[in-house]
Amino acid sequence: MFFHEPELQYEVTVEEPDPQFAKELQQAIGGVEGEMRVALQYLFQAWATPKEHEEYRKLLMETGTEELGHIEILATAVTKNLRNATDEEREDAAQDDMMRMMMSGQSPRQILSAGESAMPVDSNGLPFNGNYVVASGNLAADMYANVMAESTGRLLATRLWERTDDPGMKDMLEYLIARDTMHQNQWLAALETLDDPVPVPASFPQEKENQEFNYAFMSTHREEREDPDMPWTQGESVDGHGEFSFVQQNSDGKGTAPSPDSSVYSDPNRE
Amino acid sequence: MFFHEPELQYEVTVEEPDPQFAKELQQAIGGVEGEMRVALQYLFQAWATPKEHEEYRKLLMETGTEELGHIEILATAVTKNLRNATDEEREDAAQDDMMRMMMSGQSPRQILSAGESAMPVDSNGLPFNGNYVVASGNLAADMYANVMAESTGRLLATRLWERTDDPGMKDMLEYLIARDTMHQNQWLAALETLDDPVPVPASFPQEKENQEFNYAFMSTHREEREDPDMPWTQGESVDGHGEFSFVQQNSDGKGTAPSPDSSVYSDPNRE
Amino acid sequence: MFFHEPELQYEVTVEEPDPQFAKELQQAIGGVEGEMRVALQYLFQAWATPKEHEEYRKLLMETGTEELGHIEILATAVTKNLRNATDEEREDAAQDDMMRMMMSGQSPRQILSAGESAMPVDSNGLPFNGNYVVASGNLAADMYANVMAESTGRLLATRLWERTDDPGMKDMLEYLIARDTMHQNQWLAALETLDDPVPVPASFPQEKENQEFNYAFMSTHREEREDPDMPWTQGESVDGHGEFSFVQQNSDGKGTAPSPDSSVYSDPNRE
Amino acid sequence: MFFHEPELQYEVTVEEPDPQFAKELQQAIGGVEGEMRVALQYLFQAWATPKEHEEYRKLLMETGTEELGHIEILATAVTKNLRNATDEEREDAAQDDMMRMMMSGQSPRQILSAGESAMPVDSNGLPFNGNYVVASGNLAADMYANVMAESTGRLLATRLWERTDDPGMKDMLEYLIARDTMHQNQWLAALETLDDPVPVPASFPQEKENQEFNYAFMSTHREEREDPDMPWTQGESVDGHGEFSFVQQNSDGKGTAPSPDSSVYSDPNRE
Amino acid sequence: MFFHEPELQYEVTVEEPDPQFAKELQQAIGGVEGEMRVALQYLFQAWATPKEHEEYRKLLMETGTEELGHIEILATAVTKNLRNATDEEREDAAQDDMMRMMMSGQSPRQILSAGESAMPVDSNGLPFNGNYVVASGNLAADMYANVMAESTGRLLATRLWERTDDPGMKDMLEYLIARDTMHQNQWLAALETLDDPVPVPASFPQEKENQEFNYAFMSTHREEREDPDMPWTQGESVDGHGEFSFVQQNSDGKGTAPSPDSSVYSDPNRE
Amino acid sequence: MFFHEPELQYEVTVEEPDPQFAKELQQAIGGVEGEMRVALQYLFQAWATPKEHEEYRKLLMETGTEELGHIEILATAVTKNLRNATDEEREDAAQDDMMRMMMSGQSPRQILSAGESAMPVDSNGLPFNGNYVVASGNLAADMYANVMAESTGRLLATRLWERTDDPGMKDMLEYLIARDTMHQNQWLAALETLDDPVPVPASFPQEKENQEFNYAFMSTHREEREDPDMPWTQGESVDGHGEFSFVQQNSDGKGTAPSPDSSVYSDPNRE
């Protein structure tokens, strides 16, 4: 059950409204690296977590709820970049070909569909997609998904930081980057509480997997090549359950398809 | 540049064709956890890797190329589950309401669109989507994405393994599970070769991020609660660059939207 | 800024777990008529609402936040329908062809991708799509979108109510149906506070639209037909700004396309 | 069964071809607010309407068929904005960096995929999506969906009208805006012919819904607040079946997920 | 400009309503091989066709308009398969587990979202996608796209014909199959009127393409193999402009990516 | 089973990096006319081809594998257009409003999501979609799909060729155009080896289709018109199995929908 306060989690100011930056900010709202993804991901993970992992459920609920507020922060940043122009600036823009060109970099739908507002879409106007959310029902897999989500999320935020000179926008992004630092760390901390989780899923009895190829690096180079002596071709495996080796891809498995049923009319010729 | 051999990377046999399992196998072809995702992900990551990281480029190319062969293995498994029924069985099926019901679990498009063949779609018939592919241009982020991809991929393979009794299918899945074990390990080994990569991206100067909230666990519980003393609320952070703390979400950032331009006709009333 | 409590907004009980109903419930989570749509729709509308419409912003924030809790209720209902089977029942099911057939109606991804959990997808496994959200930047258009959303939402809930005999599920749906009744009423009440909002957008100067065809019902029947004397072909228009009439579709606008530039190679013949 | 005439429903002229406007017009063709949506929506609604509602079926068929002609009008407008440049202008453009920049606002696919033609996509190149169409099988829900569709459609047309100075384009849009005025009115007129349709669906026996919360405005504000005395918190409800009240969100429903079956390998630890 | 008659282009009768067949018929409405694709494809091609190809524009308009009526035929077939059950049958079904199982093969959204109606989606509930439509702006390319569309469309119709025993449904499909026969033939006839159209686009000056590899079959077999003496490895090319040859894939093009700008933070290590 | 060599199939050089062209090149990677489509299309077709058509399977595998290398070529071209700017140029760009405007034509996600790399998306950032792939299970239908794919592919390549002045890019495109010439020819050659394949599928017994309308051109013009004496309205049909005729669309099939079940609450009125 959720509650809200009208205040933002962090102040948002914009000195120089920039419609093109408003478009780029959409990537952090509805993009695959954005806040809608992480908010929903942590909430769906929480709702799937059973009693015996109660502490992780709480952890996920706390952070999922925080991320909802990040969508709000960014939506506010978008409207402030799209709308805050003075009437004077607007008139200039209308009369100025140069400005019109600059506006060609805008997102048309932020105007046409949303009346100078934020939308649940990415920087190309692609709508948010529920399949961005990873909630696998396995805690270790989910934690790796969360570390990855915060890694690409922080990467996006730093790239946005590079593309603006507005002090208000830089300040907001520095806050969001900091939260991503924390979230990367907290998911890694959660991973450390697990007991020998790799390979994921750990509960699958590993003796049932193929024992010949489970620690073999397989070269697919056209011509056979030497073991390059890399940390992934020799030595103990990272999970501590095997020894890396180096092999060439090779098999004589027959690549065939049986004939389909006549009722699907696969025959290209007249009967 | 790619080359092929007509043989499969691993033998595929099916004793009892099972059209419903053919549908479930599609998840491992075109699903978000499937082989198309990892094949394309590793290849696009490789193509983005510059000279100074040549060894990683090779690693990615080798494995991306291997994964192309996994799509082929699974496509073969699908046709064998859809087509290998004897004519006798087919006639029975046609006459048997029970069988017809069983067939209601099939994917209609595997018959209607593909004539009893595999498709680049998931187990619900949802087409593969290029946005499943993560290739961020940052090696550490990519390696975490790869660990995650192999975690959800291995999880899927073990769940499929539980849902079939066919010895050929079990054997094939035990091979694919083993390869996922190796791939999880190799991406973790690659992560270990990096120098202090967390928080990702490490090259962003961390002193520029907000220093008040970058290691603070933020509680969004409606009523303030005590620090639960978890590994993510106190002690040294996992990246070794900070100290975890526990705070309540709190701010007085003003949540407002400026007024939009009159040209977008936001006013609900007649002027 | 958002906060949560671990309790649900309404109790969820399931007496007889039903995996097929779990799949149908997904429509009310991630479907076009579902709770993700309304939650995000009301929040994005709120975030776009400027100061001069503060009361509507509050109204939208209150209800958007409530809807987040409805996703949670339904996600809980899904896990309870997928998981609550006793071990005994599970063993039976495994041995029973009949049960296996019944299971063919399940959603494969709820098992394969989510480990018996809810997902941000609809009843066909189609992922939630950000374009389901309507937040137009015009309050009257948004209110009509909200009435419509609650109408299709309540319709969906009543159809789900018909498809279950489980008393817990019926009770939960009766609660959700009641909330949809309220929400339909509150958006209609908001519409009534507006001053002459039709045609939407009211602020566009109506004298600028074409005055010949703005209140004419246009028949596209192949053969000319008589005015059927319906409430939309004669009498005062609903908005009170015109008089309905009945006309036949007719025009001699030239239907042509200019020749494209030679650089797009439209010519089908050799030059 | 459909028939065509080669003439357009309304004349389309373009004085100054404008490739960027051609891109924006796509929103009115294949966008969520566009003509493909309404044409298909009304036709699918018509085809679902049974004999006992014959008059509504006719109404829907007449207008759905008209809307097909609006797609045609807009497609013509797009080709005229993309193609009508004189050869002289084209040469200039090629030599002129300034023009090249201006062209950066074009849609690449209108050139690359369609050879300077219209496409069934929106202004970002996002393809039309069948889920934009609402045809719920309930007439009242459908009529609200239609009012909403014509509201966002007219809003889009007025915004496009603001973004062009071309007299031909303005004239065409003034026609389309007028038709949207009519269509809003006709769907509202159809709603008025229904007998007490709210809450939708009216045929669900309302005594079965939860009687405690069906007319209660629920505040989700973190701190309890006073009834703001708004038209949606007190007084008779709009449907006339209840009395609005104001309550705080509150419940002690247990938020839990049962443990999943061991066959989905949810356990993150080794067994 | 379009007109309609209330009659169907071809009579639709259903003797035994079959909800599972109703789901499969959706593939022929909103699927990639369906009638929405061809209707829109021919209309968009027509609208892009300039004066100098007027006869083709007429051809496309005539057939595109016909295909709109095929959507209508199929939508009628769907409602008749979903709705025509007598009340008696319905009661039986409700009491009968066997029937309930059979219903597990239905499309949930045809009930939940559409109230037993047709939808603009395919047999998996995937919404129609505007990118199924090919309208390239080049007549020869379009004609090949049309032959292909009618080939996969007729293939789909024959497979549906195999999956029903209902005489009414067989009769309807035999009509649609016949129309696809005609349409394949008419697009091939249109191709024959073109002057030397291959390779498409013919108007590109062929001497500008690479002259070494434009008629060479390239083997990508891992080990070099002999020319298999197939009609595509030797003899005159089909377009009559070259001579087929057989070569091995081979090159020493350098596969590299330059280093990205530091502002995208690609460096995985701390600076 | 696949193998790779680190060399490209064809050299890629870029003299003047052009970020806008990098965006347009994406159409040839992940667009509907792009190399991901053909690569996957030919491979899925190959995997579905049974023993009795072994030569076609080989043909498809050879070319599908080649196309994988074309994705690689284009991905390399994209990074070279995005990254090869000298540091000096970059500094200029940062200080120069003009350059910033020019950059407004870039794809934001190539920077924000991919760090100046190629992505599996089209020129609008729309992700590759598995439904672009046609693998019908019928060889003739597939061959027509392949001719069409190579036609729209070559058309795209010639349009890209027009939009660049860079000699390296022109040279690369001339190579790709040449390969498309070959591929069009080889699929046409394969079609010629088939025995009387039209209408597709040829194996459906043609006497079962409706014999009245299978060679009749049907006019949907609102007013009856004369047979225009075109090659598709008279003379022998292209497949040689019929005689073209010209008819007016006409029927009295009843356009009706039965009443839906009361459980879907279609009634708009209170009961």
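As written, the chains take the letters A, B, C, D, E and F, and residue 1 is the first residue of each chain.
In this text, a contact is a pair of C-beta atoms (placed from the backbone, for glycine too) under 8 Å apart; a residue touches a chain by one contact, two chains touch by 3 or more.
What you see is a predicted model; the values in this text were computed from it and never measured.
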Common touching chains of chain C and chain B: A, D, E, F
Of D-F and C-F, whichever chain pair has more C-beta contact pairs: D-F
Most remote chain, CA-based centroid, reference being chain D: B
Whole-Å separation of chain centres (CA-atom averages), chain B against chain E: 29
Chain C-chain D separation of Cα centroids, rounded to whole Å: 11
Per-residue multi-chain contacts in chain A, two or more chains: 1-9, 32, 47-48, 58, 61-62, 65-66, 69, 72, 76, 79, 101, 104-105, 111, 113, 115-117, 124, 126-127, 129, 131, 136-138, 140, 152, 155, 158-159, 200-201, 204, 220-222, 249, 251, 255-260, 264-266
Touch-based graph of the chains, sorted into line, ring, star, complete or other: complete
Chain C residues touching chain D - in the complex, by the definition given at the top: 3, 6-12, 32, 55, 58-59, 61-63, 65-66, 69, 72-73, 76, 79-80, 82-85, 90, 111, 115-117, 126, 129, 131-132, 134, 136-138, 140-141, 144-145, 147-148, 150-152, 154-155, 158, 161, 174-175, 177-182, 184-186, 188-190, 192-193, 198-201, 204, 206, 208-222, 228, 230-232, 237-239, 242, 244, 249, 251-261, 264-266
Of chain E, residues touching chain D in the complex: 1-9, 30, 36, 40, 43-44, 47-48, 58, 61-62, 65-66, 68-69, 71-72, 75-76, 79, 113-121, 127-131, 133, 135-138
Residue ranges of chain D touching chain A (in the complex, touch as defined): 20, 23-24, 27, 31-33, 98, 101-102, 104-105, 122-124, 126, 152, 155-156, 159-160, 163, 220-223, 249, 251, 253, 255-260, 262, 264-271
In the complex, chain C residues that touch chain F: 155, 158-159, 162, 222, 263-265
Chain D residues within the chain F interface of the complex: 1-5, 47-52, 100-101, 103-105, 107-109, 111-113, 115, 124-127, 137-140, 143, 194-197, 200-205
